[in-house]
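Take a look at the following structure, please.
Note that the chains are named A, B, C and D in the order they appear, and that numbering of residues resets to 1 at the start of each chain.
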Amino acid sequence: MTATKTITHTRLRELVLANHILALEGVLDAYGHVSVRNPNDPTSFLMSRSRSPEIVSEDDILVHDFSGNVDGIAAKELYRERFIHAAIFAARPAVQAVIHSHADDVLPFSISTLPFQAVFHGASQVGAAPAPVWDIRHDFGDTNLLVENMAQGESLSRAMDDRTIVLMRGHGFAAAGATLINLLKMVTAIPRNARVILDVLHAGETIVPLSAGEVAIRDTTDMTTPAAQRQWEFWCRRLGVTFEPGGYL
Amino acid sequence: MTATKTITHTRLRELVLANHILALEGVLDAYGHVSVRNPNDPTSFLMSRSRSPEIVSEDDILVHDFSGNVDGIAAKELYRERFIHAAIFAARPAVQAVIHSHADDVLPFSISTLPFQAVFHGASQVGAAPAPVWDIRHDFGDTNLLVENMAQGESLSRAMDDRTIVLMRGHGFAAAGATLINLLKMVTAIPRNARVILDVLHAGETIVPLSAGEVAIRDTTDMTTPAAQRQWEFWCRRLGVTFEPGGYL
Amino acid sequence: MTATKTITHTRLRELVLANHILALEGVLDAYGHVSVRNPNDPTSFLMSRSRSPEIVSEDDILVHDFSGNVDGIAAKELYRERFIHAAIFAARPAVQAVIHSHADDVLPFSISTLPFQAVFHGASQVGAAPAPVWDIRHDFGDTNLLVENMAQGESLSRAMDDRTIVLMRGHGFAAAGATLINLLKMVTAIPRNARVILDVLHAGETIVPLSAGEVAIRDTTDMTTPAAQRQWEFWCRRLGVTFEPGGYL
Amino acid sequence: MTATKTITHTRLRELVLANHILALEGVLDAYGHVSVRNPNDPTSFLMSRSRSPEIVSEDDILVHDFSGNVDGIAAKELYRERFIHAAIFAARPAVQAVIHSHADDVLPFSISTLPFQAVFHGASQVGAAPAPVWDIRHDFGDTNLLVENMAQGESLSRAMDDRTIVLMRGHGFAAAGATLINLLKMVTAIPRNARVILDVLHAGETIVPLSAGEVAIRDTTDMTTPAAQRQWEFWCRRLGVTFEPGGYL
């Protein structure tokens, strides 16, 4: 029995749904993971035990502390790279959701000087300036490229600084959101943003990114309106689960 | 109860089917929208309330006026960017159908000087000369890039001029058709047209677009023949709905 | 009642299956068509009436003469571009099967000087030298780009000469096979062959095509062996139809 | 009755599952094949008779000797290119699993000087230095490009040397793994690794491959842990077969 038993069903359901959405959209496959800060204790976070995101159920969600440990559960049951989440949540109190992904379309930007920055409105959270690239080799020399301890997680978090995304050389990326839905919107747009940039650069052309001013504009729509809930309804439909109008962040 | 109750079932069914086709073909996803001029009152148009196109049903179709309002319905129930449709229908009496899409393959042309023009017969409606690109920043400075009022819709419509398509920088495109089926044929060909251009330009080669003369030739086929209805039958089959021979525009 | 009633069930079933395979593999969509020479009368050919290939059934197959006519059937019931098939069958007695396709990946080669030639063993029938490109504008000026009469079909066939494939500028391609299975094998490899060439040329590199000697080598495998029938079994499985071992050309 | 009757059900089930996974992931289609060294007799190997991988069942698995023969079975029942497997198993005692694939994304590297080397952690087994390319024409002149006898298989194996992968000009690749799961992990990452390299090179940029030190680091995770079994669970789910926790290599 874990501490998640005291967390409202709505919050758990959203995290499970987020796992399934990210698999559906191809942002996660057998690997990668998504987490949210614990609404009952902001010094911990919620994430599945080591299962593929599209298979995760509410029973898999565990409360992780900021060292990446789960009370009463052996390390081998957990995601090996949970330290990414622990380090980012610890360093940045305003972050409510974190993801680690190996989405293919982002990888080219991690092994070259190609700039990854927002070029269409759906990806505005990526930011106007090119995202930082963290190379694990810089601090840790030759490794298997995985983030397997807190020192590596903290190094990554420092490279990320106050950005929403940090690329990981030859590996993938980590991203953080002010809310879970913000994170979902950003990361499902990230592969598309990558392909648009590549399609321009492959032609030897120059991209026009969003401006700093455009990126700074925050959407003030009431998130309970039909217009805002529409994205959830779309995902529920594609996943074959019942949509509960107004029942999502 | 809305004014759509007086509109023939065939017209409503076609608009709903168009929504589903555009989702099936990947032209629309959770966002974007398609509309037709109101056959009962050409100073208004029919479009869904704010729902994802693949989920739209006949009950969702509402009569919008040329200010983007719907009698008796709160704005929050409507598409935020309905002003795109209102402005184009108001400015161009010959237009019977309008779409706004964020299809990925067109985006590269909106953030660069890559020319978007018809290169194969299926996309001839796109036109022989490169499509105009509208940059919301030119008239409105930094925004969230969405078309959220009539002034922005009218600015877009002016940039579109008498063309069938206008690209929207960092956002997507709007397109207009002389009939709904014309619009469907054009916009399902648009992503393909984009990829063909990109595949040539990525190789550092020059494209041979359709000529102005080729684009000007209008198809005079009887639209009730099997050859013309075949496209509808194909889409009905893929959507799993019953095809009614001869029952489509 | 048509003359196809005297044609063996096996031959009709193969042509219907070929239609479905070509839709499954994305070589044909709502448009495009495939035909075989009439085994009972080599001065005619079998092809569906105007239906989308994935929907074609045995009842749709009609005997077409070399003017593109079908006895007792109005022209509007037939494919508009049936003249492609009529002209190629008339000009080339050794051809047993013909296809017309608009597959996207081949289109870039039709609107540029990019060379389309065989670069992997599965596409060897394409030939070692670049395929000819036919531009309808050369003989017929501005048109809707469709092949709508025998003069246009014959012009295309002359440009094709003795090759297995001819590209059609801004439109697609026509291809011919010594047998139906040969044609299927070639045309399902054609989009793949296109992408491989593009992936090399996009990097500014030079392709190594198959040699003339490699292309000239004919496969002498017994087509009734399991190794040869395996492709049919694969396609039947994917189409959800029962495979009849040894029952295919 | 074949010698496979004495092989444990688990080993046979894994090989069948590997066939289905490789079809699911698009590494194999109607053609290509995967094999494992015979656990009961390391001088032979297990592979299906000539069937498409997604259709292979346990009854299809046959014991092949290092000349590519199967006791009591006619050659026409077997994969034509089984000599690839025979030659590699014979030359390299440490290899436990072999695959031959025509995956499209790798083909560009086989017909050009584009370098195929590991650029992300999931493909580390590919190696830090560019993979060798074997051109059958060098030793055998013009052929149909297939590996149809032991001399050709041995030539390929020599070109492969001690690498995990060898590209085959205009044809595909062969790869070898220290275990079946190692091979599966590598080859499902290979098309992704190819696309990442191409996306960088298409932009005229230079790739940063994994270092020799990174490639040399071996994963020492206990393969029976949930973290390691997770990949199998993912594949079982996608294939619709029951996952047996801990029941896979």
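Keep in mind that, in the parts below, a contact is a pair of C-beta atoms (placed from the backbone, for glycine too) under 8 Å apart; a residue touches a chain by one contact, two chains touch by 3 or more.
Keep in mind it's a predicted model, so treat the numbers as computed, not measured.
Chemist: Starting at chain A, what is the smallest number of hops through touching chains needed to reach chain C?
Modeler: Shortest path length, in steps: 2.
Chemist: Turning chain B onto chain C with a C-alpha fit: angle in degrees, nearest 5?
Modeler: The two chains, chain B and chain C, differ by a rotation of 90 degrees.
Chemist: For chain A versus chain B, which are copies of one sequence, does the interface use mostly the same residue numbers on each side, meaning over half shared, or is it different?
Modeler: Counting which numbers both chains contribute, under half are shared, so the two copies meet through different residues.
Chemist: Provide the C-alpha centroid distance between chain A and chain D, rounded to the nearest whole angstrom.
Modeler: 33
Chemist: Suppose each chain is reduced to the average of its Cα coordinates; what separation in Å results between chain B and chain D?
Modeler: Averaging C-alpha atoms per chain gives centres 46 Å apart.
Chemist: Using the touch rule from the top of the page, what residues of chain A touch 2 or more other chains?
Modeler: Correct list: 202, 204.
Chemist: Assign the assembly's chain-to-chain touch graph to one of these shapes: line, ring, star, complete, other.
Modeler: ring
Chemist: Which chain A residues qualify as touching chain B in the complex?
Modeler: My answer: residues 119-122, 124, 192, 195-196, 199-200, 202-211, 213-214, 216-217, 219, 221-222, 225-227, 230-231, 233-235, 237.
Chemist: Would you pull the chain A residues touching chain D in the complex into a rising list?
Modeler: The contact residues of chain A facing chain D are 29-31, 49-52, 54-55, 76-80, 102, 104-105, 107-108, 110-114, 137, 141-146, 169-172, 198, 201-202, 204.
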